[in-house]
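The following blocks contain the structures, represented as structure tokens.
Each of the next two complexes has subunit A plus one more chain, namely subunit B in the first and subunit C in the second.
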Partner chain A sequence: MYCSYACNSNEHAISRRSFLKGVTAGAAGAAGFGGMVGSAGAQALATTQKHVVVFYLAGGVSQLETWDPKPGVETGGPFDKIQTSVPGIEISELLPLTAQQMHHLALIRSVNHKEGDHGKGDYIMQTGMRQAPGFEYPYLGSAMAKQLSPPDSPLPGYIHVAGGGSKAEAAFLGAKYAPLSLNDGNPPANLSRYATLTEQSDAKRREFRNKLSQRFIAGRRQAETEVYNQSYDQAMKLMSKKEIFDFNRMTDLDLERYGKHDFGRHCLMARNLIESGVTFVKVSHSNYDSHSENFNFHIEQLGEFDKPFSAFVADMAARSMLDNVLIIVMSEFGRTPNINARVGRDHWGTAWSICLGGAGIKKGVAVGKTNDKGTAVIDREVDGGHLFHTYYSAVGLDSTKSFFDEGRPVAKADPKTSAITEILA
Partner chain B sequence: MTPLPRTLLASLCLILAGISSQAWSADPAPVLNLGLKYAQRDAQRAAEASQAAATRLAAEVAKLQAAEKLIVDSQAAKVAADKAVIDTAAAIVAAETARVAADKTVLDAVANAQKVKDDAAADQAAKDLAQQTATTAQTAATAAAELVKAKQAAKVVADTNKPVADKQLEVAQATLKPAQEAKAAVEKDTVAIAAIAKATQDKAAFYATALPVAKVEPPRLIQTLTHTRPFQSCRIDPTGDFVFGGCQDNSIQRWDLVLGTKVPMVGHKSWIADFDFQPGSNMLISAAYEGRVHWWNDALTVPTSIRNVAAHKGQVRALSFSRDGQYIATAGNDKMVRIWRAADGALLKELEGHTRHVYNVAFHPNGKHLISGDLMGILKQWEVESWQLVRDYDAKLLTGYDPTFKADCGGIRGIDFSPDGRFLAVGGIGEVSNAFAGIGKPMVLIFDWVTGQRIHVLSPKGAFQGTVWGLQFHPSGSFLLGVGGGGSGGMWFWDVETGTALLDVALPQVAFDLSIHPDGLRIAVASYDNSIKIFDLGPKTPDAAPAK
Partner chain C sequence: MFRCRLNFRVLGVASLLVALSFSVAVRADDAPVATVAPAAVEPLSVQIDRLIAAKLPDYDKAAAPVTSDLEFFRRVSLDLTGSIPTAKQAREFLADPAPDKRAKLIDQMLASPEFARQLARVLDVMLMQRRPQQNVPIADWKAFLYQACLENRPWDQLVAEILSADGIDPETRAASRFYLDRGGEVNLITADIGRIFMGVNLECAQCHNHPHVEEWKQSHYYGISAFLVRSSLFNDKGKQVFQELAVGEVKFESVFDSRDKISKGPQTTLPRVFDGMLEFDPKFDFGEEYARAPAKDVRPIPNFSRRAQLADAIIAPTNKQFRRNIANRLWATVMGRGLVHPLESDHSENLASHPELLDSLAENIAARKYDMRAFLKDLLLTKTYQRSSLRTPEQQATPAPADATFAVAIMRPMSAEQLAWSLMQATGISEIYRVGQGANFTEAKLYAQLAGVEQTYVNLFGGEPGKPGKDFEATVEQTLYLSNNEAVLKWLPPAGKNLCQRLLDLPPTDFQAMTEDLYLSCLTRLPTTEEVQELAAYMADRAETRSVAYQELIWALVTSAEFRFNH
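What follows is the complex of A and B.
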């Protein structure tokens, strides 16, 4: 299969691009902070607010080297399977630490969205819908930010750690539900007031800007103008919460547990952001699009993934946060059972797996099944629609309700599908 | 400034590198003239196999003849048994008729005796005679009754014998088909082996007329040895009799290069990464991605795994036997090089220093040094026995970080020393533009062993994208051979002295390893298409003249 990744698709580009617009001190740069959710005081996880963390293994992680190993068969590859903390559930030997956390997790081994294109597979996995000409569905992060964030939260509802992101993800929900991207895991730019700008001067500048804005709005009230002003307000409030981005506070012990590489720091950031009250955090890990040397690259990439991910799950459990935090490990698709001449695996949306855990999810179960060689789903086939109904149900939302785009109802999840009840707690 | 003479420079480098110039002496490149020797060996083995096949055929023919004779005998026995049943039935009828007649005679005689007895006129003599006749008739009737019983008993015996004879014939007939098939199979083998024997004899005779030379020309494909999965590795044993293939089905498959017979060696739990033969013995050591190393006794006769050890955490990538056969060096994903005692599998030393997966390892022909190479293109030279690190070599052209995919790509995929020990060759992929699609250039780096300096960077003559997976110097030392591929397969020839690409040969599929036969003519290639392919660099035996 032609690799559209090498192929300059957007999904491939996310690691090289930043859509971060940055926070500005004072009024000058605040326009770029239009992705902020409404305003007010942060609430810690002592509340029952639900949160979602997505670990996005970009490029398409191999299900055979992770959640659905088939050692010994011609498609199985060289790796063995190992027992997990849940008797009867075995995963790849490349995830030994995750295996020890399986009693907190659950697997869906029967995803078939029939899509082998990076962009289209990504769209299905992040919106629950197939792409439709002339219409954009909101991404999971934007949808969850809108529905789960406290109305007065000063915090961004959707933060994407190290992986790009776009205002387009919010679609008709509005720019304020678009992701705030922490490019390469760095805090937003200009979180602090310029050193040369006194608090008093800054206040005067804001006051002057507000006056101008009010005059402007008086004659030309429109949605963009409101969002524009809201962004300034949001930026100011976020500046007061800038400590949540102070990743220098990571302890040596935490860094040791999560790993000192980028992905380890990013997972630790995700933990800190969730603890600070952020609703939806997406952490991308690049890259798994291993058309060549699939096994060597999966050793490398999953070796980097296993430690911080398992530490994250363990921390969520140790801090009694699992009931309120939905954990999702996904890709745009899996990889072919066939091992090609480059010792690689190609794109495969036909029979693959994802991992869930936490809020609303049964602990230590595996749903769905593929055949002996992993070439087809033979039990409980699901697609993006099923997954979105399940995510919604897991965090206590009604997935059968609709959003409204200028009065037109838009299903939150594909009405032809339903939640995977076997995996819901 | 006057430049230092080259020899002095080399000596200085040796001293700087901590190597004694007396530690080894390079033999001049041997004149390879082994084609005839191995052709004669093949012809001899084929002739022996042909003789053995003829013996087996004679045995099968004898078995078939015995089966056929048994059928004939059984058929005769059956005919006799069937006849006995019929005859005994007829005998019973005849005896019964006689008994009825005898009984009537008795009745008549008794009646007559009574009549005579009652006849007052009859004298005593007549009465006695009548009575005597009646007694005689009674005796005859009794005998007739006994005969009936005897005939009935005979029929019981005949009836019992008949199914036995039927069964014997059935059994005899059942042995015929297997005997015929066995004979046919052996006959076919015999014919095939005879043809092989003829061909090998012709080849030996042809080579005797003009000693064959390996030419840097596209080699001829002479054998395709197939299995069910792609092959990762291959080696021809030092006798040149067998080729061993390490397969993705976790087995090693051994083929007789002359006869083509296949023997599986099962024991590993993952893909076979590498194996090597103990010099001067019948021992083979294999390494696989499950992290274990197996010791196989009698590898050239009846291979038996006698020991296996957990050698590395994660994959074992490569192994190498020391030239004296005492040590085995293994390299693995746990960043370690480990030294094992061949005799008992004891771990002797752990060589630390690599910071990433160690992909390859090889002993120098001088027996005094070991080279290991890793994912990052770092080569480390270790001194045998002290196991001290001597120096590092920079082979980083064979690795690279792909910022798009955020992964390191490359490593030391192929490694070999020239037979005279002057050159170290390492191969892999360089100039990677897309790590996850394997887009880069097959590349080989040549190092001068004395100075430790890289002297050549080699690639195929033509444009090609892929990896050099296997690398071996020709036993003559006159050229270096590599195989590999990307979207398709390739075999490449280089002149190491001049650093020149000599020849590119397209292969039908990606090749992951190669092994050159000790005759210097044949090349085994481990192929993605489930086969070990045997190529020949030597001259083709002329076709026999057509019969007139």
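What follows is the complex of A and C.
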């Protein structure tokens, strides 16, 4: 039972009794088992594990040069629109290869989160909530890692390929669900056995460590000691899979198809990670913040984006993975229809687009409309809350449930909004 | 100029009596007052054990046995000095025949600079919750806390210093980190004052009366906020300070009322801590509000500062939450769990596990003028603190009593700092540094030398910024660091008189001595016979690779669950 609290308070209208029960359940969770203990739900998912890949076009990609072109009007800019593989859906000519994958994708052309600040727009798009002092919501990557990762997976649930990201993204879900960053394409730190330590020596010391620890916790068993010991098993398993982080493993053919530039290699890494079982991968592409020379900027940036992104979608389809992999292309906001004096477009959260595809998403549809000049949403306006409900539904999770932060319920997606059902398969 | 204070709540007769009896108890403790018959006064530690036992039927059967000397030594070392002891210290303590050696050890440790350092760490995490540096160097802040703990500065005085600092006077700038590294953000500071100094989480009350806690009203949140609403960051020639205006009121209305369209419009309140005194602003003639009026790039100075009233209002004797909170937090620091749990939920829907005990502790710490050192001493002298975390085999046949009974010691993961210093202690690294300083050794120098290591562990093992009570999370990243990082592994090979070298110095077949040194150094206990045999077996075919084998064993011991927890 939810109330739409105007302040997005994370205290919900539940009875006192159930609140106190919540405290108990939350406390047990906080004791450290996290997602490691296999609930029935988590085990059921393991067989058809869902994944999410976010392509984050940092700085704010222009909707007019991508998903919602308006050629021929004063705000439209110099580029034309082109047919896609879906009759009736046209996108910018800057995305010719992506246009050929449109039958796997879907568009939302009516995002209005009203935010023109990088940090605040980013927060809304990555948490589904507006920033409010005193409240911390987990980022999508951490939330999905917690809810979709198989309980015994040795792999990190949330990997950010291009680097960056902070422990704080996991908020109260805990460090286990924070993004693991592959900075400059480097594998995670300390993944290889130290040079002077032989495999045999390592095995011996681990065996002795385990024996001692088991003896100690007999009679003192508790969640924290269990989790501590399990982390050693997990570390071993992850070390044994370290080749999945190896950029050198990429074939020439793949590199040719994705592009040898950083973003191409990062997209290819995303594919490899998803294939290896990682739950959530984020690939950032920088930088679309084109306050001047918007059009030259977008020719260059989208030229780099189009090839690897379309190759990624095609590969997911070819491997029959699209049903289990949700693809999201987002920014913190779009760009103004108005073209400024420096031939730039500025920050714009009022009427812009994102692209989805894969798991749970209808193929080849476009939802929502902006007006002729792209200055306002005229149909099916949505904000971060709608998007989060939609992502959750797409991967088969219930977005009306709550997380528990030390007993306090925290909505998974803004209760005042709901999923965009027209785009859900 | 006139001011007027209204006292809205008079101390109840009962609590007044408790307060009196405790001030008597403390005086008796300090000995000079001979007019009170000492026999009538129950020492606090005895009272604690009595009240803990009284709460659980069959307590004597359910309570874990009192710790062995070494188990106690390890625990108290971690709690009071922030590290496990050395093998040498452990041997000396074990050999000491004095019947009161535990009390003596507590006294000795409480008087040490290591204790000041450890209490400063505890207070740092409590007050700043691992927040990153924004405007005040963390090192200055830590030095300020360390100095305060060295001098055993009373908690109320320390809090007053922190809540009065605005960052302008260089002398007190370090203390302003509480405000300035929260970005001067009034809502965040208001909520944290509630949580950290009063044990109440008023976050909900920012938008509406608390839905589940009758006594937490929106006006309580804004009463505290009203002290701060006129304050904000000011860039004083490149240095951020906390400035204040002479005007500005809080405004609030319940979001439920606005939603249901029954709101009578925004309300306001004067500054007030809970149901304490309303702090009226003095009246000034128009134009007389400022000693220095606001202007561009000029820091205003009001003739009356609301924020300057905050510290007194928080630490006022009428604010019982202030003493309950610190008593509960210090209890939780050494006992592993608050009497009120979670620590910031001291309210009518979440009563203390031992209400009478918490009342008593709160009055006690106030009566002894917030002397944290003396208060902690009484907690550590209790049987409750000194119980084992391991129940007897007979007890293990029955379900374990809940943590909130305090009948069995609660295991606590080491803090990031305890882990760093204990690893260096066990492997013998800190000893090398101590020896290196020779006769001029000081704790401060050692800390300065190894603070970088501590910081590495805080970054990797410390809790999330702004997330109290979540300072433990075992991640693969941490485990990979302990398993494969050069910084850890380079502590293991023989060097100076470190542990590996000491083991190599022993006769290769003296497995008893070898195992003893290994276990005392890493786990602060003697090995069992079985463990000596186990080690002999481990070394059986390692004559050629003795040093490597010892390094394997040391690593295994210091990464074991037994090492990782304060048990």
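Throughout what follows, the second predicted complex is superposed on the first by the 339 of 425 C-alpha atoms of A that agree within 3 Å, B and C clash if a C-alpha of one lies under 4 Å from a C-alpha of the other, contacts with A are read in each partner's own complex, and residues count from 1 in each chain.
Note that in this section contacts are C-beta pairs under 8 Å (C-beta built on N, C-alpha and C of every residue); 3 or more make two chains touch, one makes a residue touch a chain.
The model shown is predicted, which means the values in this text are computed figures rather than measured ones.
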Contact breadth on subunit A, by residue count: subunit C or subunit B: C
Partner chain in contact with A:Ala341 - subunit B first, subunit C second, else both or neither: first
Partner chain(s) touched by A:Ile299 [first = subunit B, second = subunit C, both, neither]: first
Touched partner set for A:Ser286, first subunit B, second subunit C, both or neither: first
First, second, both or neither for A:Gly72, with subunit B first and subunit C second: first
Partner chain in contact with A:Leu197 - subunit B first, subunit C second, else both or neither: second
Contacts of A:Gly174 with subunit B and subunit C, given as first, second, both or neither: second
Contacts of A:Asp80 with subunit B and subunit C, given as first, second, both or neither: first
Shared contact residues on subunit A - subunit B and subunit C: 5-6, 12, 16
In the complex with subunit B, residue positions of subunit A that touch it: 3, 5-6, 12, 15-16, 59, 71-72, 74, 78-80, 262, 286-287, 289-293, 296-297, 299-301, 339, 341-342, 344
Of subunit C, residues touching subunit A in the complex: 185, 187-188, 191, 203-204, 206-208, 210-212, 255-256, 258-259, 342, 349-350, 389-391, 396, 411, 413, 464-467, 469-470, 472-481, 483-486, 489, 538, 548, 551-553, 555-557, 559-562, 564-565, 567
Touching residues on subunit A, where the partner in the complex is subunit C: 4-7, 9, 11-13, 16, 19-20, 23, 27, 30, 32, 34, 133-136, 154, 156, 167-168, 170-172, 174-176, 180, 188-194, 196-197, 201, 204-206, 208-209, 212-213, 216-217, 219-220, 222, 224-225, 227-232, 234-235, 238-239, 406-407
Residues on subunit B engaged by subunit A in the complex (per definition of touch): 228-230, 248-250, 269-271, 289-290, 314-315, 333, 357, 403-409, 434-439, 466, 485-487, 489, 509-510, 528
